[in-house]
Amino acid sequence: MSNSLGTHFKITTFGESHGPALGVVVDGVTPGLEISQKDIQAQLDRRKPGQKLTSPRKESDTVEILSGIFEGKTTGMPIAMLIRNKDAHSKSYDYLKDLFRPGHADFTYLEKYGIRDHRGGGRQSARETANWVAAGVIARKIIAKYKIKIVASVVEIAGIRASVFNEKEISKNMVNCGDKKAAENMVAAIEKARREGDSVGGIIEVVARNVPSGLGDPVFDKLDADLAKAFMSINAAKGVEIGSGFEAARMRGSEHNDVFLKKGGKIITTTNHAGGILGGISTGMAIVARVAFKPTSSITQEQDTVTTSGKNTTVRVFGRHDPCVAIRAVPIVEAMMANVLADAVLSQEALRRSR
Amino acid sequence: MSNSLGTHFKITTFGESHGPALGVVVDGVTPGLEISQKDIQAQLDRRKPGQKLTSPRKESDTVEILSGIFEGKTTGMPIAMLIRNKDAHSKSYDYLKDLFRPGHADFTYLEKYGIRDHRGGGRQSARETANWVAAGVIARKIIAKYKIKIVASVVEIAGIRASVFNEKEISKNMVNCGDKKAAENMVAAIEKARREGDSVGGIIEVVARNVPSGLGDPVFDKLDADLAKAFMSINAAKGVEIGSGFEAARMRGSEHNDVFLKKGGKIITTTNHAGGILGGISTGMAIVARVAFKPTSSITQEQDTVTTSGKNTTVRVFGRHDPCVAIRAVPIVEAMMANVLADAVLSQEALRRSR
Amino acid sequence: MSNSLGTHFKITTFGESHGPALGVVVDGVTPGLEISQKDIQAQLDRRKPGQKLTSPRKESDTVEILSGIFEGKTTGMPIAMLIRNKDAHSKSYDYLKDLFRPGHADFTYLEKYGIRDHRGGGRQSARETANWVAAGVIARKIIAKYKIKIVASVVEIAGIRASVFNEKEISKNMVNCGDKKAAENMVAAIEKARREGDSVGGIIEVVARNVPSGLGDPVFDKLDADLAKAFMSINAAKGVEIGSGFEAARMRGSEHNDVFLKKGGKIITTTNHAGGILGGISTGMAIVARVAFKPTSSITQEQDTVTTSGKNTTVRVFGRHDPCVAIRAVPIVEAMMANVLADAVLSQEALRRSR
Amino acid sequence: MSNSLGTHFKITTFGESHGPALGVVVDGVTPGLEISQKDIQAQLDRRKPGQKLTSPRKESDTVEILSGIFEGKTTGMPIAMLIRNKDAHSKSYDYLKDLFRPGHADFTYLEKYGIRDHRGGGRQSARETANWVAAGVIARKIIAKYKIKIVASVVEIAGIRASVFNEKEISKNMVNCGDKKAAENMVAAIEKARREGDSVGGIIEVVARNVPSGLGDPVFDKLDADLAKAFMSINAAKGVEIGSGFEAARMRGSEHNDVFLKKGGKIITTTNHAGGILGGISTGMAIVARVAFKPTSSITQEQDTVTTSGKNTTVRVFGRHDPCVAIRAVPIVEAMMANVLADAVLSQEALRRSR
C-alpha cells in the first residue's frame, strides 16, 4: 500500500511491467460525461514506447474500458481500464534476477517485501504510468467545463535550457520542447550520451491555464502539496517546484510578492511568482510547476554493483530503455496535473454547493 | 478539508492565529511510550516566536496534553495537545480586514470559503505549524528504536550559501546554519533587508540518519512523494528536492547512479545522489532533502493591492513578522520529516510482521 | 486508530473518562453557517448524566469552541470543541484496577494495547459519546437546508414495547419513550432492576424525515451500511436494523416490496418496508432504523471474574451508572444519524454540482 | 464513490452486471503468501448462479489474476482479479428500461446519478459480490496463520428456524443450513413461494473461531462496527446483530454479562453473549453475527409501479432470479467476515510490532 491516489477523484492502479496486464480503477467520476475508448487511447499513444529517442519496446498499449460507461457516457460507477502487456521479453531480464541495478529499486523492493518480480522491474517500472495517463483523460473530462488547459514541455535536458516557448513547437520535435533551437541541441546531447552508453536528465515545466480560484484544501491538501506529491510519485523525479520555486529563496519580498490588481472585472496579480497558488489555494492565475528528472538509471556502461547475496559484480543494463526519461514524462506530468485538479475541483464544488 | 495528515500515524489539527487556541490530535500512537509535557515543550520552544531575528510576538506556547497518556506513558489512545493563544493583538490587524496583502492567502481564502477570519491571517498563519512540531515529538518517540536522527539547518539565505557543515554550530547562530562564517553574512543580509522594509528567502536542508531500508509504500505513498507533500505543506515553501534534486537533471546516469557495495555485512551505496530513496523506498542511506522558502510576504514597504471590493489601494504590513521565515522553519522541517517517517515505520512494521 | 469517522464531514475525537478533557475536531464544515456555543450546549445537556434514572455523576459538560467559528459563523476551518472533565472520582475506581469487569472492555483493551487507563473505563467509557453529540449539532446545521428532522425514541425496555408513538410525549417521561403508558411500565421495570442490583436493555428507533433522495454511495458507502457502522459504534449496541429489519426475513417479496406511486408531483412508495433506503441510496421516504442496546454491564450484584493476573475473584461494580443505557442513548443515536447524513449530503452535493 | 473497503487490507471493486467484466483490486496484501487461481475459483464456484434453487443464469465466473502474484506467491503488490461477463442477456431487460422495479434500486440510482445502466441492474446487481468473494480468498490467506475458521449457514428462511447445527450438513442441502430437517422445510417453503410467483427472506449466522483477542480499533473502527458495515453492504441485507443481538435488549445485566474465567492458561468467558467482541475489540471467543435478508425483490407476480416519467404501470419481473437470496449469500457473508478480519489483523500486527 498504497496504490490509490486522490480523495474525491480517486485512482487505484495495479500491474507489473511483465505481468498479464496493467490497469486502473477510477472512482468518483461525474456521471453523464461522454468518454470513448479513443479518447483514452489518444493520450496513451503520446506516452507509449517505441517512438524515436525512446525505448524500442513495442507495446500497442491498447486500452479496454471494463466498466462505468454506458452508451458512451459515464454512469458515476467506477471506470476500470485495462492494458494488456504483449511485448514482454521477460527472458532478457533473467541475468538481472540476482543483482541490484544501480539507480533502480531492485534493492529497495527486495528489502521491503522480501520478494520481488524482477521481470522488467515488476511494479517499479515506469510502465505503471500508462495507468496514470489513462486516468488523466477522465480527469480532463471532469475539469473540462472550466476550459482548463494543461500543457507540459521539456525546458531543460543535459544542461541545455529552452530560452523561448512556442507551444506549437512541442509536438514537432523529438524532445517535446517548446524551443526549436534548444530542442536540436538537446537531441544531439541525448544521442551523444546514448552512443557513450550513458543517459541524461531533464526538467519539465507544466502550466495549467483557466484554473478557477479556490482550489486546494488547507492545511494538508493544499494544492501545491498535492501537486508536489503527485509529481514526486513519477518515476525518476527528484525535485518539484511551484512558481518561482528554488529561485524564490534568492529573491526579496518586495520583488517576489505578486501585486493584486482589478482588471476586466476580475482580481488578478500583475506577476505570478506564486505560480498560481497562495496558501495552498489557487489564485486564478496560471498554475506553473517544474519537475526535475534524474538521468535514466539503465545504462549500457559497465557499473559496479553487488548480487542479492552480497557479492561484488558488475552489470551493463541492456534492454529497451529511454536515454532520457524526461521526454516521455511530458504526458505523464500533464496527466498528474489533471488528476490532482479533478480531485480539487470536485472537493471545491462540494464546498461551494453546500453553501 | 483536509486537516489530517498520515495514514498509520495520523495528525489532525485545528486553530486560528488569533482564536482561542491551536491544537493537534495524534492518532495511531504506539502504546507504552514514555512522553512528558516537557518533551513537547522543548521542541515548541525551538519554534516559538519572540526570539532574535524572528517575530517579536510573545507567545509562551505552553502545551497542555489532554488525552492519551496515563501515568507518563502512551496508552494507544489519541493524544490531544492544546496551545492557548495569548498575545493576540487582533485589533492591530483591523486595517487589513478589507484588503488583500500581496503574497498572503487573504484573497484565496476569501475566494474559496466566501468568509475569512482576518485576524493574524486566521488559519493561514504559520502559527499552525506549532501543532506539527508538537506532533513531531510523538513521531520521534515512535521511530526512536531505530535511533533515527533528524537534523535540519539553513543552507542558504538571500543567496548566501553555507559551504561547510558543522552540526554543533547550528544552535549557536541566529539563523540555524551549520556554517559559522556564512551565518554571519546571512544575519547581515537579513538585517539589511529588514532595515529596508523588506524580507529575504532561504533554503533548508534536512538529513535523517539511521533510517532503516524498506520505508515507503509505492506507488502512491512513496517516501519521497510523502515527504514532498509534507514539506510543500509548510507555509512559504515553493520547492522540494530529494538527494541530488534539480541538479540531477544536469548529470549523466553514469555519474548519478549510486553504486552498490557490501560493507560491514551491509549493502550500502558508495555515493548518495538518491538521497536515501530509490523507487520511493528508503535504501538505508541517509535521507537528504531540501526545501526552498520564499521571502516573508509581510513587508513594511508600501505595496500596491486592492480592497476586497476591488478598489486600488496600497498597504504596508506592520505587525510582528520574521524577515526570513526559513530560520524558524528549521524545527518545522525536522518535525515533518519525523511525522512522515513515523507513518512509514508503522506501515512497514505491519508489512514485516504479517509475513 | 481509528478515531475519525466520515469522509466529507469528518469527526476526530479524543479523551478519556477521567483524563483532563474530551474533545472533537469537526472537519469539512460548510462555511457561513451560524453556530453558537449555546446550540452545542443544548444537545449536550440532553445527554449529560446526573438526570433522573441515569448515572448520578455530576458533569456540567460545558463545551468550549476553540476554532473554526468567527463572529458567530463557521469559516470552513475545522471546529474543535472541548469538554473538561470535572466530577472525576478516579479514586473510587482503584479497586477495579487489577480485575476485569464482566461485560466491560477492560480485558480487551489490555489484550490489545498492553496498557490501560482504568479510571472510569478510560476511553472505553460512553462519556466519549458527548463528542459525537457535539459534532451532531454541526451536522444538523449542514443538513438544515433540507429541513431534515431527526427524532429518536425508546421503543422497548426490559421487554416492554411501546405500542403508540406520540412525539411530544418523548421529552415528558423519564425514558424518552413516545408511549406514555409503556413509559410508566418501563420506569417501573428499571427501578425494580436497580433495586435488585441489576440492569436492563432496550431498543431505540430513529426516524429521519425530509431526507432527499440520492444520499449514499454504493457499493461501500451505502447509506444503510454507514448507518449500521455508526450505530454499532455506540457503546452497548448489539444490533442494527433498517426498515423492516429482521422481520423482513419472515416476509414474502410481494408483501415486502414497496410499490412506487406518483403523488403530488413526486414519486413515493405506498409502504416503507425499505426504511427509506434502496440499494444503499435514500429514496426520499423517511429513514427508519432501530438499535438494540444490551443491559448496562455495571451492576452491583456480585459477579465472578478474574484479576489481570488470572486469579479467580468476584466483583460488585459500584460507581455511578445508568441502570438502562438505552435512555441516554437517544440523543446519541440522533447525533449519529445527523453525522452520517451530513457526510452523505456533502458527498451528494459534490456529485450533483459537478454534473 | 466509494468503491473501496478497508484500511490496511483494502479492496476496490468495479463492474456492472451486463458490462464487459467485474473485477477487484486487493491492496495491502502480505508478500510471500501462496495463492493460485484455483483457490479463488473454488470460492467463486460456491457463490455462482446456475445452481439449484438459485438463478439459472449460467456464468462460469472464471477468474483471471492480473497482477501481484509472481511464481505462485504474492509480492506485496496489488492483486487484481477479473471476471468476464458472458451469459448477459441484456436484451431481456429492455422492458425494464423505463420503469422502476419495486424493491430494487432502479429509482434511487436514477435519482442519484441522473443516468443508469439498466441492464441486469447494472452495478446494483448482486453480481458485484463475486468480487467480494474473490477478495475474501486472499483475506483468508492473510489470517490463516491464526487458523481462523469462518463458517456461515442459513439459520432461518420464511420463518422456519434451524434448531440444531451440524456443520457437515451445510453443504449437503440446497439451502446451506446446518439443520437437515429444517432445511427440508425451508426448501418446501421456497418452492411454494416460487410457484406462487413470490419470494422469501432469510437469516444467516456466521461464526469465526480462533480469532485472536485484540482485533478492532475503537472508537470508530470497532470490530463490530466494521462487521455491521460490511454485512449491511450486502445486497438485500436489512439487519445485523452481534452475539445476543436484539435479544440482549430483553435480558438483564446479570444474565447477559459473560463471566471471566481462567482455563488452560487462557482467560475466557463462560458464556458468549458478547459474540466475541467487547468494547469493539475481539475477546478471543468465537465471533458470532447474524444478518437478515429481505425476500428477493424480483418476483413474477404483477406489481404496481411507475415509469421513469411517472406514469402508473404494472410490472412482472421475469429473468433469472433466486427466490431466496439468503442461500447464495452464505459464501458472501463468510467472505466479508474474512475481509474485515484481515483488515483488523494487519492493523493489530502493526500495533503489536511497534511496541
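For reference, chains read A, B, C and D in written order, and residue numbers begin at 1 within each chain.
As a working rule, contacts are C-beta pairs under 8 Å (C-beta built on N, C-alpha and C of every residue); 3 or more make two chains touch, one makes a residue touch a chain.
No experiment lies behind these values; they were computed from the predicted model shown.
Enquirer: If you tally the C-beta contacts, which comes out ahead, B-D or C-D?
Expert: C-D
Enquirer: If you take the mean of the Cα atoms for each chain, which one ends up farthest from chain A?
Expert: Centre of mass proxy via C-alpha means gives C as farthest from chain A.
Enquirer: Based only on mean CA positions, could you tell me how far chain C sits from chain D in angstrom?
Expert: 26
Enquirer: Averaging over Cα atoms per chain, report the distance between chain A and chain D in Å.
Expert: The answer is 39 Å.
Enquirer: If you average the Cα atoms of chain B and of chain D to get two centres, how far apart are those centres in Å?
Expert: So the centroids are 46 Å from each other.
Enquirer: Can you list the residues of chain A that touch 2 or more other chains?
Expert: Counting only residues that touch two or more other chains, chain A contributes 1-4, 7-8, 13, 31-32, 76, 112-114, 123, 347, 351, 355.
Enquirer: Hey, which residues of chain A end up touching chain D in the complex?
Expert: The contact residues of chain A facing chain D are 1-4, 8, 10, 12-16, 19-23, 25, 27-28, 31-32, 64-68, 70, 73-80, 82, 112-117, 119, 122-123.
Enquirer: Which chain A residues qualify as touching chain C in the complex?
Expert: Touch residues, chain A against chain C: 7-8, 30-32, 76, 142, 345-347, 349-355.
Enquirer: List the residues on chain A that touch chain B in their complex, please.
Expert: So the residues of chain A touching chain B come out as 1-5, 7, 13, 100, 102-105, 107-109, 111-114, 123-124, 128, 156-159, 193, 197-203, 213-222, 224-233, 235, 237-246, 248-262, 267, 269, 273-275, 277-284, 292-299, 301, 303-306, 310-312, 326, 347-348, 351, 355.
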